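So that we are looking at the same thing, I have put the structure below in structure tokens.
We just call them A, B, C and D in the order they show up, numbering each chain from 1.
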Amino acid sequence: MSEQKFKGIIAYPITPFHPVEGGIDVGMLSQSIERLVGSGVHAIAPLGSTGESAYLSDDEWDRAAEASIKQVARRVPVVVGISDLTTRNAIRRAKFAEAQGADAVMVLPISYWKLSEQEIFEHYAAIGKAVGIPIMVYNNPATSGIDMSPLLISRLVKEIDAVTMVKESTGDIQRMHKLHQLSNGEIPFYNGSNPLALEAFVAGAAGWCTAAPNLIPTLTIDLYNAVATGELDRARRLFYRQLPVLEFILKGGLPTTIKAGLQLDGLDVGIPRAPLAPLAQEEREMLTKLLQEARR
Amino acid sequence: MSEQKFKGIIAYPITPFHPVEGGIDVGMLSQSIERLVGSGVHAIAPLGSTGESAYLSDDEWDRAAEASIKQVARRVPVVVGISDLTTRNAIRRAKFAEAQGADAVMVLPISYWKLSEQEIFEHYAAIGKAVGIPIMVYNNPATSGIDMSPLLISRLVKEIDAVTMVKESTGDIQRMHKLHQLSNGEIPFYNGSNPLALEAFVAGAAGWCTAAPNLIPTLTIDLYNAVATGELDRARRLFYRQLPVLEFILKGGLPTTIKAGLQLDGLDVGIPRAPLAPLAQEEREMLTKLLQEARR
Amino acid sequence: MSEQKFKGIIAYPITPFHPVEGGIDVGMLSQSIERLVGSGVHAIAPLGSTGESAYLSDDEWDRAAEASIKQVARRVPVVVGISDLTTRNAIRRAKFAEAQGADAVMVLPISYWKLSEQEIFEHYAAIGKAVGIPIMVYNNPATSGIDMSPLLISRLVKEIDAVTMVKESTGDIQRMHKLHQLSNGEIPFYNGSNPLALEAFVAGAAGWCTAAPNLIPTLTIDLYNAVATGELDRARRLFYRQLPVLEFILKGGLPTTIKAGLQLDGLDVGIPRAPLAPLAQEEREMLTKLLQEARR
Amino acid sequence: MSEQKFKGIIAYPITPFHPVEGGIDVGMLSQSIERLVGSGVHAIAPLGSTGESAYLSDDEWDRAAEASIKQVARRVPVVVGISDLTTRNAIRRAKFAEAQGADAVMVLPISYWKLSEQEIFEHYAAIGKAVGIPIMVYNNPATSGIDMSPLLISRLVKEIDAVTMVKESTGDIQRMHKLHQLSNGEIPFYNGSNPLALEAFVAGAAGWCTAAPNLIPTLTIDLYNAVATGELDRARRLFYRQLPVLEFILKGGLPTTIKAGLQLDGLDVGIPRAPLAPLAQEEREMLTKLLQEARR
């Protein structure tokens, strides 16, 4: 695990839209990514759930991928999120990301009709065959409707060369234990569940994929460092201090809450795309309060 | 309920793809719709789950909608399925369907980020404002990731003029009881769960939205008629006779199993779009057997 | 199914306790059973969930069983509920019920530690070996913590001679379909879920096991008769008329709500045993209103 | 938390039965408790789930409580498990345990009929009023059928004087986070989910209630010490080393697997009470192998 390119805090940018015409605001996108890179996070993961990639047209998606990779400019690694209902468009996007200079792709299979394990396998195998960069398997049943067992995930890693990393977002620590056991600790796994940040690192996670650095970058980085240096009491204190923010952004929906939080910080990133609604006034006040307490 | 335009058996067509280039096979689409209309079903519902609408590009979707409505040619009513993650594209599609001559649209909200009840309401309200044809609320958490309570659904019907019908696909008969109670029996509800066909009619459903007529049209129509004329024993026998087929097509995924069944009947409609896989050989044999037993 | 001893409305009595000393009030128990028999129900099922059998000591249980069977005095069949965590005490109770003259026992396996299918099988086999009267398998995971699949249930019926009937209380109509399919309609099944009363009869249930006859006996019997004579519209009207009462007694807990309802009718049957609390005043008023509307 | 009487490894004994007459084997019970105390665990918790207390008659329960407390002889603290469907018998048992010298009682409310939050509160309040020793609230929906939210639990601690500790066995680490947040870290909580042992300590658990010390006492105590001294890498290694045993005993049922394991170690503690079956031969071999690997 020590040679992993991706480790530590892997941050998700949001995707800002123009208030009037509704298209992607590339200038603001670059600005918000610059802010993340400057905060010291260890990698950037554009076009994930937080980036509303599911709500973008193909053209928009391409523009966002291109602009994000260009802005990071190889200062930290970039893993681009790929989630599309059809295998052919997932391949198209993965190849586009690779061509733009992505270091890896994070592939989330999406369900309308439930997929069999073999259908999921073929989906990953087809993408793996099409690209020359590593693939991170991404399991997030809450958004994708597909739940991949640790056994299936370890099979993907073992049988498809391009698949080398796993992101687990179920929030179930036992899934991480099982991935550890199934690979004798060899499969690098990443935590995608914010309220599990402390325990996932303790269980051996190589990194934490999170939108929280948009609002509280230092706390997330400090937590990672405290566990890495074995300062358990400090890690616990840091975790409980940021937990209310982590729970709030998860519960309110990441695009909704992170965009609201960035605006509270003076970055005018607009609102999420309908049917997603902007954060209600009462909840903006709650977020203001939670951020003050965490940052104090 | 007696004046409803939509009642009885509302049939879903599949969407055939060209075996080589992969695009929509409009000729075969028209042929499969003609077969359904000719079988005596009471309405046609193109671009539903069975029609793989979630796996189509916008251009493909438009072509399929246009061709389907044209083929039906007003011989029976047409309700076009609208399911898109963004409100603006859902509106675009609904308006397109109306312009092509659809009698109604069946709107399924789709989740990536979970939607609040108010976000769902605004989604329907925006579509209702944009079109002049009736909207059928469609609840199907298994595919859409969104579960609308009977209370929310009845609010949609009461507060949005265009929303006049409800399709319930949870398979939970209590949802239908609740819709009945919340509206004193006034909201017309349609059953979208095949294995609930008998009981939903008994509980008062105005219709059954189903892909089964592609394979066993007479049995589905006979069941509807038997309940309508109060022949309960006959209805029960008809139901248990077709139940193995209904369970099989549901479990195997409707596009997968219906396309396989149509090919068994000599209609070369191809296979579903990847990552969906065609029906395995062993299951094709099972389907052959089940169809023989049901049709005997 | 036509030769079944048990069919139609199978009514559960409550178990009244003395207000002061807390023991069983046998006089009131007999009175409440007499009321049920007099109302015209087709069978009596003492010491079920409604009878708080889980909250009785062994001595109390024996007294209640004896008094109940004696009061019915063979005017209608009696099926006595047997639910005990240990096999040996379940056998003891079943033998006691048989000795007192029970026509059958209704056996609910109970979970503290989850039971394997084989452990459940052995439990039934041991009881079946010990008694000479028929056993009704009772599946009710909500109270017992054990969910028996239709496949396991049909195995119990096929392989254990004494097991001849099934009571399904999951409220899932598909379970009943499956029991029908697994036995070619030969296994007599009974519905134990009040809000499924109409559809279970339509699907072929031989009877409805219910506490509702304590409060609305005529409506339950009329519903059974309407389905039996194929009067579907009448059956649907009768069902929707009593549904609010059925939902209320289920949601509030049967011992709690039925005892409150009997007291509203002038029968002083006391309150359930702690930790179960009596029905709150606000809910008693709701029940009064619901009963008035159903009985109007 | 530092002044807690109960901390570290709190071990559950099993309850051995005579092979022939079936009653409690008090000599063997004492011997197995002596083995636990001698292994260095920090406290003993008789008559928990592992002790099959749910399957004992009142007389048997009393004998087991008396013998267990006597055998420990105040060398370590004793917390006696109290789980009874009725409040009055729960009180009787709690008072008996106190009279015999128990240091605390661990109270698990049990469901047949679901309890409201107020009914659960009254159950605890009544027991709290009856005894003079501290009460540990025990939440274990998998066995008890009742799931108490962190909010309800914190209310029990705040409003009932005798309630001072919490045992959480859902295996959901977020429950522990919430208990921490609701009490500013003041409520001592104990982990009852074996596969969560590492993370629960990291999240701040005061102790781990477990049957594992019957088989691998040193590993459990070492894990506790490693976390306490901040040796995170060592703790992780110790955890993953014992995890296969922890998962096995949980999945197979604690009385079943622990009794089998003790017999493998030469202690003839018999088998669990029917309907629970003894561990199958194949699984005994698996357990032998897992124990060898953990102890190597």
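Rule of thumb we're sticking to: contacts are C-beta pairs under 8 Å (C-beta built on N, C-alpha and C of every residue); 3 or more make two chains touch, one makes a residue touch a chain.
All values reported here derive from a predicted model rather than from experimental measurement.
The set of chains in contact with chain A as well as chain D is empty. Chain centres were defined as the mean of their Cα atoms; on that basis the chain farthest from chain A turns out to be C. Put simply, the C-alpha centre of chain A and that of chain B have 35 angstrom between them.
Chain B and chain C have centres, each the mean of its CA atoms, that are 39 Å apart.
Per-chain Cα centroids separate chain B from chain D by 52 Å.
Across the assembly, chain C contributes no residue that touches 2 or more other chains.
Contact between chains, using the touch rule, shows up for A-B, A-D, B-C, C-D. Taken in their complex, chain C has these residues touching chain D: 22, 49, 54-55, 85-88, 109, 111-116, 118-120, 122-123, 126, 142-143, 145, 253-256, 272-277. Touching chain C in their complex are the following residues of chain B: 171, 173-174, 177, 180-181, 185, 195-196, 198-199, 202-204, 227, 230-233, 235-236, 240, 243-244.
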